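The structure appears right after this line, and notes come after that.
When the chains are written out, they are named A, B and C in that same order, and each has its own residue count from 1.
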Amino acid sequence: MGELLRIEHLSVTFSMYRDIFSRVESKGIEDLSISLYSGEILAIVGASGSGKSLLAHAIMDLLPYNAIVRGDFYYQGEYVDGRRLERLRGTELSLIPQSITYLDPTMKVGKQVIQEQFEMDQCKSIFAKLDLAEHVISLYPFQLSGGMARRVLVSTALISNASVIVADEPTPGMSVTDAVETLQMLRQIANEGKGCILITHDLDLAIEVADRVAVMYDGRIIDIVPASNFKRGVLTHPYTNALYRALPQNDFKSYTADEVESFLRKGGNQHVGSE
Amino acid sequence: MKLIDNNNSKYTRFSVKSFNRRQWAGFFVVLGSLFLVILALVGTFMPEQSYAIDYNHKYAAPSLSYLFGTDELGRDMFYRTLKGLALSIKIGLMAAFVSSCIALVLGTLSAVFGGKVDSCILWLIDLCLGIPHIILILMISVSLGGGEIGVTIGVIATHWAHLTRLMRAEIMQLRNQPYVHVARGYGHSYFTIGRKHFIPHVLPQYIIGLVLLLPHAILHEAGITFLGYGLPLDVPAIGIILSESMKHISVGMWWLGFFPGLLLMIIVLIFDRVGTALREILDPMRSQK
Amino acid sequence: MLEVSNLEFSYDDGSPILKDISFSISKGERVALLGPSGYGKSTLGKIIAGHMNPDKGTVLLNNQKLSKYKGYKPIQLIYQHAEKALNNRWKIKDSLYEAWDIPVELLERMGINQSWLDRWPNELSGGQLQRISVLRALSPKTQLLIADEITASLDTITQAQLWNVVGDVLDTNNTSLLMITHNESLAKRICSRIIQIESLCTCT
C-alpha cells in the first residue's frame, strides 16, 4: 500500500475574546500527525469537541477566519507548500458534503456534479458506477429520494477523480440500512485504490467499515489501531479499550472520572511509537 | 515546508499587537464621545455675546482672532458654528432616542404577538421606508409649523423603521432558542425571561442602533433647515448658516460655508465611527476577530 | 400517567410530519422512541414537553394539561446539543441554578466539578455541558424526562457514565423516561419498552 497523504505536527489554534477586551488563544488541535494509505478507510473517532471535524476542515480549508493552521503536509511522499495545496484541494482532495442542503436547490443535479469543469459523460459514468439512473442528471435536488441524494453527494466528490476522499459525519440520523449503504459506497471507493477519511462519533460504525481507527481526545490522536483489533479484543491502549467496553452492546460499563484519567495517562500517545 | 506559511497567506488575518482591535475600538469610543460631549456643552452654555453682531468686523477672513472669519453682520463664525452644532447634536440625540424607543416597543410587540399585530407593524415599516425621508420630514415639519418641535418630530417619525425591523428579527430569533423554552419549563415568567435572557442580548444591538441613528438624524435636521423648512432664520442652526453662506460664496467669501460644513461632516463621521467601534466591541458576531 | 392522543402536526408549508399519534407512559416506566431522523421524533418530544403546540390532539399528564401546572414543570426536555440549551452569555452556575435548588451532593454524583461553575459555556466540552443540562432537568418534581438524543454526539465512555447516573436518579425519584434515539442497543440497555417511530407514523 502506498502512502497517499501524510500530515505532520498539525496544530489549529483559535483566537477569541474571553471577555470584552482580552483575547486568548485556544487550541483546537495540537501536534497531530497522521498518514493515509491508498485502498484504506481511516476512521477518526472522538466526541464532539475532540477536534475530529477540525482535522477534516483543516485538510479541506473550511475553517473559520479566526483559525490559525500550522503543520507539514506531504502528498504521495512529497512536500506540499500552501499554494500547491490549494490546487490539490480541487483535484486530488475531495469532500463528501454532509447533507443535501449543500446543493443549490435551483440547479439541476447533473450541472452541480460537473461544476463547469468536467464533462457530462464523466457524470454519466460516475452515476452508472453508483447505480444511479441517468435521468437523475436532469432532476432538481428536492426531487431526489433519500437514497438518491446520498449517491449524488458521493458523486460530487468522485467526479474529480480525487484520490483522497474526506467524509465528515456522513451517517448521523440515518437508519441502519441507509448507513450501511453509504458506507458500502466508501468501501467501493477505497477498493479502487483511493484513500477515505471517515470522520464519525460512532465507534460502532467505524469498527464495522474502516481498516484503521484513530481515536481523538482533546485535540490529539491518542491511538491508531487496526479495526479488526476491536473484535479480536487486542486493544493495548486502555482508553481505546474503555471506549469499546462502554458501548451499549458490549459491557456498557460506567468508568469513574479518575479511571478515565489514569487510562489517558497510562496510554499516552501510543501511535507515535507504533508507526 | 509548511502546510500554511503563516506570514504569507490568507490565514494571517490579524496580528497580535500590544493593543488588540477591541481595545483600539474602546479607546476610540471614549475619545470620540468625549469630544462630542465637550462640543455640545460648550455650544449650549456659550454666552450669546460671543457671536453678537459687530459691524466693525464685517466680512473678516479667517485669522487668529476670528478662526472661521465673520459674516456680513460681523458675527464670529467659529462661535456660531459651535452653537449650531450643539443645537444639531441636541435635536439629533432627542430624535434618535425617541425613535429608538419606538423601535424597541414596536419591534418587541411585532415579534411577541406575531399574526395581525406583526403584519400591521410590517406594513407601517414599509410605508415609512417607501417614502423618501427628506420629503416625509419636510411634510411633517411644515404641517407642524416648522421650528424645533416640527423638525424633531419629523426626524423621529422617519427614523424608527430600520431599527424596528432589526429589533423584531433579533427577538424572533431569540424566542425560538432552546434555552428560552427550557427556562419556561422551569416555571419562569415571561417577564423574568425577558429581563434576564432577552434584554442582555438585545441591549447591545439597541445601543449600536441608537448611536448609528444619530448621524442620520443630524444630517436630516441640517438638510431640512438648509432648505428653509426647518428651524427659523434667527436660530444659529448649522442649516441656516450653510444656506446663508450660499449668498456670499460667489463673491469669494468661502469661509462662511467651508468651515461650518467641514465641522458638520467631521461630527457626523465621528458619530458613525463611534457606532461602528461600539459594534466591534459589543456585537457577538464579530467578537472573535 | 402520560396520555398522548391523536396528535397531529404539520410544518408551516403544510407538509404533515405527525399524523394521529397516540400512546401512553405509566409512572416510572422507561420508553424508547426509536427510528431514523426525518420522522418527527424531536418534534413529538417538543410537543409533549410543551415547547411547541400541536395542530390537533392532546397531551395529558395525570389527566391534566401541562399548562395547568405552575412553577417547575413536571415534564422536562433535554436537547441533543447542550450548548444551545444554555445561554452562552451566562456563567455555568447561573444556568444551573436557574432551574432549581440543586444540592451539592447531586453535583458530585453527576460528576460536575465545582471549578466549572465559574466558567463560561464555551470553556467546557460537549460532555461537560450535557451533564449541566441533564442535571437542570432532574429535579424531584420531574415526573417525565424526555431525553432527545442526549448522548448522540458524545463518546461512549461519557455516554455510559451519564446514563448510569440518570438511571439512578430516575429510580430514586420514580421518574418516567421517554428516550428519543436512533441507537437500538442503547435503547435496549436503558428502556423496558421500545416504540418504533415508523409504527406510529403513517407518513415519511
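The rule is simple: a residue touches a chain if its C-beta (ideal position, glycine included) is under 8 Å from a C-beta of that chain, and two chains touch if they have at least 3 such contacts.
Only a predicted model underlies this, so the values are computations on that prediction, with no experimental measurement involved.
Q: Give the chains in contact with both chain A and chain C, ordered by label.
A: Output, common partners of chain A and chain C: B.
Q: Quick check: more C-beta contact pairs at A-B or at B-C?
A: Counting C-beta pairs in contact, A-B comes out ahead.
Q: Can you check how far apart chain A and chain C are, centre to centre, with Cα atoms defining each centre and the answer in Å?
A: 30
Q: Take the average of all CA coordinates in chain B, do the same for chain C, and state the distance between these two points in whole angstrom.
A: Their C-alpha centroids are separated by 47 Å.
Q: If you look at chain A, which of its residues touch at least two other chains?
A: 16
Q: Could you say which residues in chain B touch two or more other chains, in rising order?
A: Nothing qualifies.
Q: Which residues, counting only chain B, touch chain A once they are in their complex?
A: It comes out as residues 1-6, 8-9, 11-14, 16, 20, 22-23, 26, 281, 287-289.
Q: Which positions of chain A touch chain C when the two form their complex?
A: Contact set of chain A toward chain C: 16, 18, 45-50, 146, 172-176, 178, 201, 203-204, 242-244, 246-249, 252-255, 257, 260.
Q: Note which residues of chain B are touching chain C in the complex, please.
A: 177-179, 181-188, 196-197, 200-201
Q: What part of chain A is in contact with chain B in the complex they form?
A: Residues 7, 10, 14-17, 20-21, 23, 64-73, 79-82, 85 of chain A touch chain B in their complex.
Q: Enumerate the contact residues on chain C facing chain A in the complex.
A: The touching residues are 35-38, 111, 120, 122, 125-127, 152-161, 163-164, 182-186, 188-189.
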